Each structure stands twice: as C-alpha cells, then as structure tokens.
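First the structure, in the form of structure tokens, and then the observations on it.
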Amino acid sequence: MKIGILTSGGDCPGLNAVIRGAVLKGVRAHDAEFVGIRNGWRGLVEGEFMKLDRHSVRGLSRQGGTILGSSRTNPFEGENGGPENIQRMLDAEGIDAVIAIGGEGTLTAARRLTDAGIKIVGVPKTIDNDLAATDYSFGFDTAVEIATEAIDRLRTTAESHGRCMVVEVMGRHVGWIALHSGMAGGAHAILIPEQPKTIEQICEWVEHVRDRGRAPLIVVSEGFLLAGMEEAHSTKGLDAFNRPRLGGIGEIIAPMIEERTGVESRATVLGHTQRGGAPSAYDRVLATRLGLAAVDAIYAGQWGSMVSLKGTDIEIVSIADATIGLKTVPEARYDEAAVLFG
Amino acid sequence: MKIGILTSGGDCPGLNAVIRGAVLKGVRAHDAEFVGIRNGWRGLVEGEFMKLDRHSVRGLSRQGGTILGSSRTNPFEGENGGPENIQRMLDAEGIDAVIAIGGEGTLTAARRLTDAGIKIVGVPKTIDNDLAATDYSFGFDTAVEIATEAIDRLRTTAESHGRCMVVEVMGRHVGWIALHSGMAGGAHAILIPEQPKTIEQICEWVEHVRDRGRAPLIVVSEGFLLAGMEEAHSTKGLDAFNRPRLGGIGEIIAPMIEERTGVESRATVLGHTQRGGAPSAYDRVLATRLGLAAVDAIYAGQWGSMVSLKGTDIEIVSIADATIGLKTVPEARYDEAAVLFG
Amino acid sequence: MKIGILTSGGDCPGLNAVIRGAVLKGVRAHDAEFVGIRNGWRGLVEGEFMKLDRHSVRGLSRQGGTILGSSRTNPFEGENGGPENIQRMLDAEGIDAVIAIGGEGTLTAARRLTDAGIKIVGVPKTIDNDLAATDYSFGFDTAVEIATEAIDRLRTTAESHGRCMVVEVMGRHVGWIALHSGMAGGAHAILIPEQPKTIEQICEWVEHVRDRGRAPLIVVSEGFLLAGMEEAHSTKGLDAFNRPRLGGIGEIIAPMIEERTGVESRATVLGHTQRGGAPSAYDRVLATRLGLAAVDAIYAGQWGSMVSLKGTDIEIVSIADATIGLKTVPEARYDEAAVLFG
Amino acid sequence: MKIGILTSGGDCPGLNAVIRGAVLKGVRAHDAEFVGIRNGWRGLVEGEFMKLDRHSVRGLSRQGGTILGSSRTNPFEGENGGPENIQRMLDAEGIDAVIAIGGEGTLTAARRLTDAGIKIVGVPKTIDNDLAATDYSFGFDTAVEIATEAIDRLRTTAESHGRCMVVEVMGRHVGWIALHSGMAGGAHAILIPEQPKTIEQICEWVEHVRDRGRAPLIVVSEGFLLAGMEEAHSTKGLDAFNRPRLGGIGEIIAPMIEERTGVESRATVLGHTQRGGAPSAYDRVLATRLGLAAVDAIYAGQWGSMVSLKGTDIEIVSIADATIGLKTVPEARYDEAAVLFG
C-alpha cells in the first residue's frame, strides 16, 4: 500500500512526531510505502510531493514544525480542486490512502472528501485544544508549558516593581491555554473567550491582590471580550478606541487597569513562540501514538475516521464527531479555577 | 473546620501545588483552617505541626519538594502509633480531618486508619505512575520530561562517537517512565520490569541500529531484569557478577553489550534529578486540581476516598480501589512502542 | 560596620545573587550587619528599610527579580532628596556605607552622592550590557539565552509556513542582545541601533534567503532605526505612519518587508520575559562574585568605586569611568557577524 | 583555497557552531572550499572525508555533538600516521590547510605536525575549561548550566528529606565546572582536584549546615581526591576500598559522610548529560566567533596558531602557549568561593 501524508493549517509541535510514527509503523509492520504531500491540501491539488521513507523521519520526534510544510488551502477551491481532481492526482501518484493531520477546517474538508469516496484517515491537530472527540491534542501541552515559563519569568519583574502584568496567550475562540497556563503559573485572574468579564470585575481582582501587598498577574486569551464591549471588539480591524487595531486584547486591558486602579500595568503578548520549537515529552508521546494508530486505521479501512485520545487510550472516532463544534472550556472548569482568583 | 495535611514517602514535583490548592480552596470557599503535619505520618504520631495559612502557600505551585517535609514512618508502629494514639493527637490539636498525600504505602495506611474511624481523604502521589484508579499522578510528567531532556542530550554524544548509550531511569516495579521517555526520546529499545528480555535480544536491537549507521540508544527502568538472570538480580546487595552491588542495571547491561557486539557502550544513571525541581505545567495543573478536589471530598464527608484523574475530570474513588495492586504497563502498550525498536 | 544595599532601575536576573553574595561575605568575613533599602533611592530618601540578615538571603542565587524592590526615583529630587537629607537618614539608621546596584542613572547619582561625601560602592546592572568599564554585566547572559530560545522556537514556525519572522528584542540604545541572540540563533539579519539600515538593504537579505528556499529570520533591537526614517521614529509617541505608537519597530518592519518582497512576514516582540525569572548559571556566578567584591571594596574604603568584570577577573574601577557614555556595539563586532547575513 | 576541518577528542556542545562559522566565513568572504575530515585525526590518516559545503552547515549553530564524528586517534601512530603520510593524504585530496578543533592532546599533535610543515590552525575545545591561553572555551558554559539545573532540582529533594546530596560533576584534572556550578547552585561545599580536603573538613561543613536546619549540598569534581587518600585513588581501576572501581568519587564520599555525621547522604553522578545537547547561547556565540576567526588565521597564514578568547575579543595566540600545561583553578578563585561554604 502507498500512503500519502499531509499537514494542514497552523504549525504545531508534534506534527513531525506523527509523521515519524506513521512511517515507522507502516514500513515495519506492513511494508507500506509513503509519500509526503507538500504544504497541506495544496500539494494534493497542485501535485507537490516529496520522498518520505524511513530515513527521512530520523530524529523527527523532537523536531518542531512540519517537514512537509503547511498551508491553509481549501481543497475544494481552485480549478484543480475538488474530489474528482484530487482522486485523479492520487491515482497518478499511485497513492491508495491519505493521512490528513489538521484542525477543524482540515478535518471538515477530509470528511467531505471521504464522503466523495477518497480514502482518508484524520489526525487531530489544534494547539488551542478546541477539537471535540479527543481529550487533548498534541501541541497544547507544549504551548501551556511555554506560556507557563513566560508567566514564571514575568512574575519576578512584576513583584520587583509592584506592577500588574497582563499576559496574552493564544486562544482565539477557546480559553484552554489561558486556563491551564494561568492555573500553572498561579495567575490572579484568567480571562477567556467563554467568560466575558467587565473591566470593573477585573479591577476588583487587581485591587484585591494589590491590597495584600502583591503584584497582580492576569492571563488573558487573545479572544477574550470585555463584557459590554463585545461590539467594539468585533469591528474587524478596529480596536476598543476605534483605532486601527495594532495590539491585542492585553494591550487594551492593561492601560484600562492602570487608569482605574492606579497600579502600573504592562501587557506582554507571547505570540508565535507558543507554537514553535521542540515538543514537550507529553506531546511527543501523544503525537507518536496518534501516528502509529493512524496507520492501523488505514489498514482497517476505517475511512472518515480520526484517531483520538480518550483517557490513556488511543481510540478511533468518526471525523464527523470531531467537527460538530468547538470544544470550549466548560463553566465548571472555569469555576474550579476561579476560587484561586483575586 | 480544621484540616491537617501531610505528605509522605519520596518527594515528587507537585506536592506543594496540592497543598496550595487545598489551602486556598478551604480558606476561600469554606473558611476552613489548616495545620501542616510535618514529615509524613511521623508528625501525626509524634506531634510535629506547623502553621499553614494562606500566606504560607504563596508561590508554591511552581516549587518542587514539600514544605511539610516527608518520611517513610509507618503510623501503626512505635509506642505512639496506631489509630487510638493518632485520634488523641488529632483531638488535642483540634484537627477534624486529614488530607494524606502519598503513594501505595501511605494510602494503605490511610485506609486502615479510616477503617478505625479517623477522617482521612487521600491524594495519590507516585512519580512512577504505578497507582491504580488514576490515569496519571502528578510528578510523572515532570520525571518523563527531565528524562527526555537527558536522552536528547545523550544522543548527540552517542552519535558523535558512534557509541551505544544506556540510560537508566526511575521505575523499580513498573516501566512507565522508561516507556514514555523512551518513546519521546526516540529510543531504539525500552527495557522495563514488566518485560524481561535476554541480553541476546538486546544485542540484536543494538546491532540492527549499528548496521544502519546509527548510535544505539537504550532506555532501561532501574527495576528491569535480564531474562534468565532474575535470580542473580534478586540476591539483595549483589550484582550480576556476585559483587557488592554499587551500580544499577544500566551499568550491568552496558559492558555486556560492548563485549558481545563490539559497540563501545556507556551507562548513565539519571537518579534523583528526575524527582526534584519545579513541576511541569501539566503536573502543576493536575496537582492543583487534586488539592481543590480533596477539600470538596472533606466537606462531602467522603472518608476513605481518594481524588483521582479520569480523562480530563477529577473524580472521587475509594482508596481501596487504588491500593489493589500496582498499575503496570499493559502488554499492548509495550507492543505499541516496540514497533519503533531496533 | 552596618552596610545598606539598594537595587535601582529596571529589574534584572542576578540582583538577588549580588545581595546574597554581599551579605554572606560581610557576615562571615567581617561580622558586618546589613540593612535592605527598599525600592532603590526612594527607600533612602523616604526611609523604607527592611531586615537583611543571613537568613533573608537563603536560596537567593537562583531567584529572579529583587527582594528589595526597585524604583526609578532620583535621589536629588523631592523635598527629602539630596546628599544632606540622605546622610541624615543614613546616620539615623546607623548605616556606615551603601552598596548601590544599578545602571547608568543609578551610578551617576551614586557618583554625585560620593562627591558629596556619602560612602557608596557601585555594582553595575544593565540587562542591555551598555555600561562601560565592565566586560559584561549580569542579566545580559540570561536575556540572550531567553531570546535565543525564542528564536529557536520561532524558526520552526517560519520554516513550516515559508514565512519571514521578525523578532524584536530589548536594546533601546545598544544592540548587544540582538547581536548575541541573533548570532546564537542563526539569524539572517541583525538590526541594531548603532547601524541604521534602509528597508531596501533589509529586503535584499530577505530575498536572498527566500531564493535559497529558506525562511528568513531577522532579529531587531527595539531601538533600531530605519535609515532615512530616523526623524519619523524620533517623534515621540508616533509611529512611522504618524499614528499613535502602539507596537514596536518589529511591527513596523514586518509589513514593510511583506509588501516589498511578497514574503509573508510576522513580528514577535519578546518584551518583559527577557528580564525576569531565574538567572542563567553564568549570571549567577558573575553576580555572586560582584557581590563578594563589593564588600571587599567597602572594607577597603574605596568610595566612588565600582566592581567590574575584566576577562575572568573581578576588578575595582571608578564609577566615573563606567559612566562616561554608553558601551555601544563596535563596528568590527557588527561586521564580524554580518558575514553570516542573507 | 581548500580547507579541511576535523574535530578530535570528546564531544562538546559548540563543535558544530565552529564548523558552521568557518564554512560560512570561508565561502562568503574568500570563496574557499571545505572538506570534512571524519573522526578526528583518524580521517586524515586513513582518508575518511565528507562533503562540507554551505548547505551542510545549515542550522548547525544550535546542534550538539559534531557532524564530522570524533576519535582519540594519535596522528603519529599506525603505519599511515606521521607528517609525511598525512601531507601525502592532504595533497591527494587537494587540501591546502587544516582547522583542527580539539583539546590539549589534539593541539599538541597539531603543533608537532605544524613543526613538520603541515599547515594547521587550532581551535581550543575543552568542556573542562582546562586549556591555557583562552579565557573560556565553548562547551564549558553549557556544562555548567546543565550541572546547575541538576543541582537546583536535587536541592528540593534534599530539603524535603533532610538529606545531604553529593553531586559529582565532570572535571578529571581541574575543578572549573564544580567551582562555577557549585557557586551558581549555592552549594555548601565545592570539592575540586586542585584542593584536596580531608573527610573531617567535609563533615564539618555538613554538620554546620545541618545544625542550621538545612540540607547540605556538596558539588564534587570527578577528579577530587580525599586528602590522605590520594594513593588509594590513584590505583587505577581500584576504588578506595580496593574493589574494582565501579562508582565515582561522589559514591565514595556520600557513605563516608553518612557514617560520620548521621546525615542520610546520597550521591548523584551527572555524567555524559553534561556534554551533549544544544549549546547555550553563550557557547554558540563563542564557538561561531572562533570558527570565523580560524578562517582569518588561515588566510593570514598563521600556521601553528590558535584562536582564543581574551576578555570580549577573539585573539590569535600560538598553540605552544596553549599547551604549556593545564589551566587549573587558582587558589584565589577557590578562596573567593569558600566564604560561601558550610
């Protein structure tokens, strides 16, 4: 059997470990052949392939990024897109089945292509941990670890100067990274998209901390919305003061806190550092296991399925179950953490 | 309510995060008081207590070790031991209930004391991940991360000199740390107590790697036994050559590999570095959540229960279920990894 | 003898190690007493002191920030400022001499106070490494290490997406952090305040890298000026497009690169994470040695002197020599690195 | 010009950064060609070469080990050894000059070969920092950083159990790694080869620390000798109890401390982890600069010279000056640190 692999969407620590796990399993257990599909769906639509043998995956478990490259191309668009063209491309290359590693968009496309007869198995990839049907996805643990290290560092600066630090972490639609890194870093408030808060509530936490003689530390998801200001935010490209949006939500909140509480406040946006570099050991193990299992799903002919983590087990679920909607932070999880605020 | 907390057995990254989580939850949600019991059960038997208020737990989520100290004292031994003496001591201090953080021995003792009427809630603590009834325990992720970093470092030395590196990690009875760090580090063989292997099998893997032009890297649990030599190992204090045992299993295997394959081999014993220092973000979150939940269990009067991780949820189980026997690495998990060997 | 210690200006990893080194040396070698002066010069002007004995400095060598707090107060300003008031305050507290740890502003003030008869020994502190008369100052190595780790992480993202990454590091007036972290991280261009470059030159490097099939990585000091646009920059508070300045120079350059070369470009501002957290081993050793030597200088009565690093030795220099002007990156050092650009 | 590069002796973080620096400088500034000589002098004697162009050095600044391989072959031995054979081999390959990266043995050989007319420039490499004529050598900073991280981790275990931890670090003949990591980690005693101490002195420090209620932490170089027991140590292969030597000095001292002071004591041998893995930013910068300068020395025809660090400058010295004897820890540096002991 000849198996194609592609990685699609934003990069994520662990992508290469999935690729390595799949190739080693396929070559050793099934004598399979592999082909690398370059730059996500684009490589499948436009015919960009690369050699992918046992030697190509050497040392990949600890390497960040993706050796296959990635893109956000929609496989249904363009004159070469669509299931018929893609099937022709696969036939021309002799590819029997495809392992597609990606997030919600990628998996939704994979499901539609599977419905059209293309043989695909999905591997969930989301640094934000927002995919349903899997307990965790690789990349999330690394992002939380990096954010936590940054919070640890920022805390000493905050304490030395009696400042309030506002740390903006990734999470456009869900607050998982903020929730976990904020809990790990001992944040005095965690602000997530699922739980809009007023600036008054935030300042109350800040003052409470200040009054105990400590330096307030706030972790905020990039997608957090100030309660009562959702509309201002949503105006694409404009910030809360109706100016062209340059900074993130952290840079909006920090001056508001300073103005209202008198506590000198600084924002730090962690940005892309959260998604690059070597994966944590946790993510390497998870990603490797998902890669191994994806090959099993291929040989079991489970087209349209996705490998996923359930407790300590790798299970096979349907892609459809994974793409029913974002996995947001449940209220109970937020309340559990909120007892530590202020 | 006045709650005592004790940490017992070997230290483990995350102990302080449990203490912090419990104290903050108790103080804020229930207006509870806390007392630190020093040095495990010994403090309860001999009356060693320390102040434990909100201020004492500041910054503890990222601090390794345990501020309460630990010991391996058995609470049923000694003239002041046993449930009656302990109940008297608790009454004298006005302690209503105890949170006991520890491994199998600690929890077994906790169960027996609960049977005798003492109000205890358990929190699982095992760096080796060998406790049943919880998916993972805190400290394990940190140990795996540290071992993986060491393996990454040793690999470059191995490759530069064409050497075989044998890395001995913790795990006296179970192979979880070896399994996860070996998988994360891309080991060419993982040797665990649950799966005795002959030196011939090990050398076959080594030669296979050498023949591909690479430097073999083997991860071995300290409790691994060479198949056919179990008896020699078990003679307490004597090594495989009947000499007083100074080194670990890694130092036994490395020269055997070198002698049989001709590949220069070196052993490295990671030792205590695996259990000290700041916990990983994963362990901080898990430990904090267990601490929060332990207080809930106290207020629910669930004596003899233990807080545990199930998927992404913290659940309440019975201590009895957690102490039925060590959680070993299942054969399926070993076989899953073994496809990557050689 | 009773010695006061103060830390002034922005925080810097290693401040606590200096304090620890000084206190241990003073207490053990000279039976000295110490007093902590809170929040820089402000504590001396307004009489904020804290206990500083051997017990207070326990474990400080690895702790970031400063336990004394810091501020940017000028000791010559305010109604309680000036040498006479300060001498009165010192007399009232029985303080015989002061160790002042700070950067150019702090040391200049220290020199003026020494001229007025106050007994001060200086310790150089600048994360930017911009102080003359010392080879390196503590904090710089840590900042370079943190920036390098971030660059390593950003590189994998850049390569996966074929993007240009612009990493903005600290350095308002000098380019040392950019020079060292850029060299360590293998940057394709390093932009520093001492060497204005045109956007055309920058784009030439970017295109050169892109044409070799790689993802360009640029490290830029926050104080870098685009040649020909110095005036625009210098308009305080306005950015290059005459808008209220929210982002840094990285956020100005990245879109310019994208527009001119067609290479998708992203800016990441590392910000405060570079100055917080545990110091590197290098900085701990340097800071500890400076603290030890500062006490020697006190007992030698070398008022107005500063301890400094020269090769591998700690030497005593005059504060005047250290405050003659910023230590900028020499042209030869920039040219040495520039052979690696493009 | 065609330049050969070889790396010889034990591996060391930064070797690859030297290679990268030299190749990029040679290719870009001088249009030079490069050849990789495999496995140290052995490759020159036996004719093992590899391609070494600009593409081969991509990403090498952060990669540990050496892509060229290494060995401890003496170029004067064997039937193909000696200057005449080597010159013939160089001529056959068209190699005009050689950059030899190595420690004392390598450089001594390089000097003798230069005396015999072979064109060599040396680059100092010693993880132990024991080479004269350079302030520091690359690899040392990384080793100190790794050792310091391990010490930080071991401290929390020590404190939790009230144990004495004995940490054995590298340094067979000199104590630099122990001195710096011990100072950085806040050790209560540092034991180095240059300063034999009696077990009584060591136990006095341990008891002093224990009496203050703390857990003693001792850092010891592998080459440290107990005063009065030098002879026992020197019996190659036998330990202090006349048994075949399996453990290191740490494993000898720990039980002696426990027996004499009653303080439970544990040894940890850090071993090979200190010399592998990614170099620190400091070492990457130093190694890169040395590589750049080595090419300058080649083009200046300075045969028999070595590039070295002097303060913040890279200078050219004679190999003869670098091989006059090991650079040991001066008494003044030990005394400086000793005020922190006990």
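Read from first to last, the chains carry the letters A, B, C and D; within each, the first residue is number 1.
Convention: contacts are C-beta pairs under 8 Å (C-beta built on N, C-alpha and C of every residue); 3 or more make two chains touch, one makes a residue touch a chain.
For each chain, UniProt lists the protein as follows: A, B, C, D = ATP-dependent 6-phosphofructokinase.
This one's a predicted model, so the numbers in the text were calculated from it and none came from an experiment.
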Taking each chain's centre as the mean of its CA atoms, which one is most distant from subunit D? A
What is the distance in Å between the mean C-alpha positions of subunit B and subunit C? 41
Averaging C-alpha coordinates per chain, one finds the centres of subunit A and subunit C separated by a number of Å equal to 34
Would you pick out the residues of subunit A that each touch at least 2 other chains? 152
What pattern do the touching chains form: line, ring, star, complete or other? ring
Touching chain combinations (by label order): A-B, A-C, B-D, C-D
Looking at the complex, which residues from subunit B come into contact with subunit D? 7, 10-11, 13, 15, 63-66, 69-71, 146, 149-150, 152-162, 165, 243-244, 246-247, 251, 266, 268-273, 275-277
Write out the stretch or stretches of subunit A touching subunit B in their complex. 20-21, 24-25, 28-29, 58-59, 61-62, 135-136, 141, 144-145, 147-148, 152, 180-181, 183-186, 214, 278, 280-282, 284-285, 288-289, 292, 310-312, 336, 339-340
